[in-house]
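Below is the structure I would like to discuss, written out as structure tokens.
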């Protein structure tokens, strides 16, 4: 760690001398998300995760870094933004940890359970569908959003209009994700391309190597909005994806606490504000989810 | 055991793909590698330099990066679209051929100078000398390390799992989707590889022993 | 240049070589020009695709990734050298009790692909309650694989030493351990230095596999940067920059190997060792790839 700091100092010095380090972003997309007030003196009795957070003095949150509109890390500023990130911040604030005490960790879909099981992250907020298989390994608070599987195609594509038109088309999705499993299980197509994240799939869609990218509409809308006019979301959802906050299994105390936080934000309008500042920009209205305390 | 019996289809399919990928890239890299070795021993400096540059660049690049280039950067150049499987085969071929080139070249160099001189004295042409005198002798010192390069290639095919090729490395993804026991599942993958690699290793050792006596 | 194959070329041959050189140069130039044209034509040289290099956060990100790569390399290299020395010694032990399991372990880890090893540790082991961070997984797998290869390298090095070395040491009344640690291993290490370093280059390159299990090293950062929309997916520029970083680092290591080898040759302290024979044994034992 000290070596890293030293190198960092050296680099910073070098940059100062050569003055070639640019700051800021190329595209100014200042998203005005509401700032949250940090709760004080929070205690969650009987939660080993919360004890670990307390001992560490900061909270480690797993997020996505390549999901525009949901969880996205700007490479030029290293700042995270998006709906999921704002929800993560809200929960952290209610646990007593402000933005300066949050450490984000970007974890791709395939590594999520493992990251939670391994304790690499305290909780995970990133397009994480609640299902029974996952509930055996980890537990979920929420849902804080309900998405549905949909298809992203090029704007001029007319022959893909829904899941039933996928036969023979090359469909891309992320390894280890729910959408890919559904496409396989329902036998929608036998040409499946798998990559570690959806950005790689969208890159493949862009170059024309795949015909469609399939995953939750929320994710797809993020891409459609990021490169306006290039892609369109087909708009026929064929599943219901309740997004939950992934927590270590058997930490019921923390789960209840997070559920309370989410419920309160749904009731007092914070949730709506967060949505409007992020995903709401795509133009589609929000449907409030119902917390499922299993 | 149940992981294996429940998913035997998956294992066979995945290892089938692995072996196909291995097969295509092995042939490709043997051809390209030998060609590069010929360039490296050719009397024309430009060709030697070109082959040397290629070998140096490829040998010092991580295979993963070569894959990365062929799956994501190369398509943007819009030369010829490749599906993930051929792209993986090309990446493996380009990478492995640099190593094969070195093996073949050092094999040629082990043939004593006198052999070539004697064949020239007998009036053999360059190609006659190569095919009748030098190469048959070089093969003996080339084949054993060649086999171990191919073993490495077999193991390297697993990297394609990270790039949308459903071979042995991707078994863990499929097992994970089905919620199977990953420890046992992956242990079986390891065992399969040991079973594939050990006979090759034994073959290589016996070849080496037999030919080192003959030399 | 190998002098094995050619006589001094006569006038006819010289003309032929010159013609081949011209054709070869033209062919190469045409190939390079074609690739560059493709780069240019598909807009890879536009300013927007290279702009990212100017941002401080990205420079730091690249550097951090690079340092993470070096960190994994440094820890794994030390570990693999130790692992190799221990297991080479164990394999050469007179006691079956040591040599048999050592042989089995070395052969096993050499046969299992590194990526499968990483998957096994990262996805498999947590199911029985053994949890590791990606860094630990990367380092352990690199140690097990490269350590096993190095064990074979050391063993070949020790076997290539003249018998007189150990005989003399025994005659002086040294114990087996002393003979190994004080006499044989240091010499084997020197004799095999080039091979050891090229195996370390392999280790360095293999750290790149860590990105598949989300270890945030150079390639991991490059992958995300390459897909960033702000700079309209600079995959090609990013690959070029990262490749240069990797190649430069590996070449530096290789040059170090050549330099050490040369110094080693000059040194009169080293007893005459059949380096060539030892290298051949290793080449056969396991190619460094």
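Chains here go by letter, A, B and C, matching the order in which they are written, and residues are numbered from 1 within each.
Assume a contact is a pair of C-beta atoms (placed from the backbone, for glycine too) under 8 Å apart; a residue touches a chain by one contact, two chains touch by 3 or more.
Values in this document were obtained by computation on a predicted structure and should not be read as measured data.
With steps allowed only between chains in touch, the distance from subunit B over to subunit C comes to 1. Of all chains, the one whose mean C-alpha position sits at the greatest distance from that of subunit C is A. Closest to the protein's overall CA centre, chain by chain, comes C. Contact tally for A-B versus A-C: the pair with more C-beta pairs in contact is A-C. Between the Cα centres of subunit B and subunit C there is a gap of 16 Å. One finds 40 Å separating the Cα centroids of subunit A and subunit B. Taking each chain's centre as the average of its CA atoms, subunit A and subunit C sit 37 Å apart.
Residues of subunit C in contact with two or more other chains: 123, 212, 223, 227, 233, 235.
Listed for subunit A are residues 196, 200, 203, each touching two or more other chains. Among the residues of subunit B, those touching two or more other chains are numbered 72, 76, 78, 162, 176. Across the interface of their complex, subunit B is touched by residues 110, 133, 136, 175-176, 180-181, 193-196, 200, 203-204, 207-209 of subunit A.
On the side of subunit C, the complex with subunit B involves touching residues 1-7, 9, 13, 17, 20-21, 24-25, 28, 35, 38-39, 41-42, 44, 107-108, 110-117, 119-120, 123-125, 127-128, 201, 205-209, 211-212, 219, 222-223, 226-227, 233, 235-236, 238-239, 242-243, 246-247, 250-251, 254, 280, 283-287, 289. Residues 72, 75-76, 78, 81, 83-84, 162-164, 166, 170, 173, 176-177, 179 of subunit B touch subunit A in their complex. Across the interface of their complex, subunit A is touched by residues 51-52, 54-61, 63-64, 67, 71, 122-123, 126, 131-134, 212-214, 223-225, 227-231, 233, 235 of subunit C.
The part of subunit B that touches subunit C in the complex is made up of residues 41-48, 50, 56-57, 59-65, 68-69, 72-73, 76-79, 96, 99, 103, 105-106, 108-109, 111-113, 115-117, 120, 126, 129-130, 134, 141, 144-145, 148-149, 152-153, 155-159, 161-162, 168-169, 172, 176, 181-187, 189-190, 193-194, 197-198, 201, 204-205, 208.
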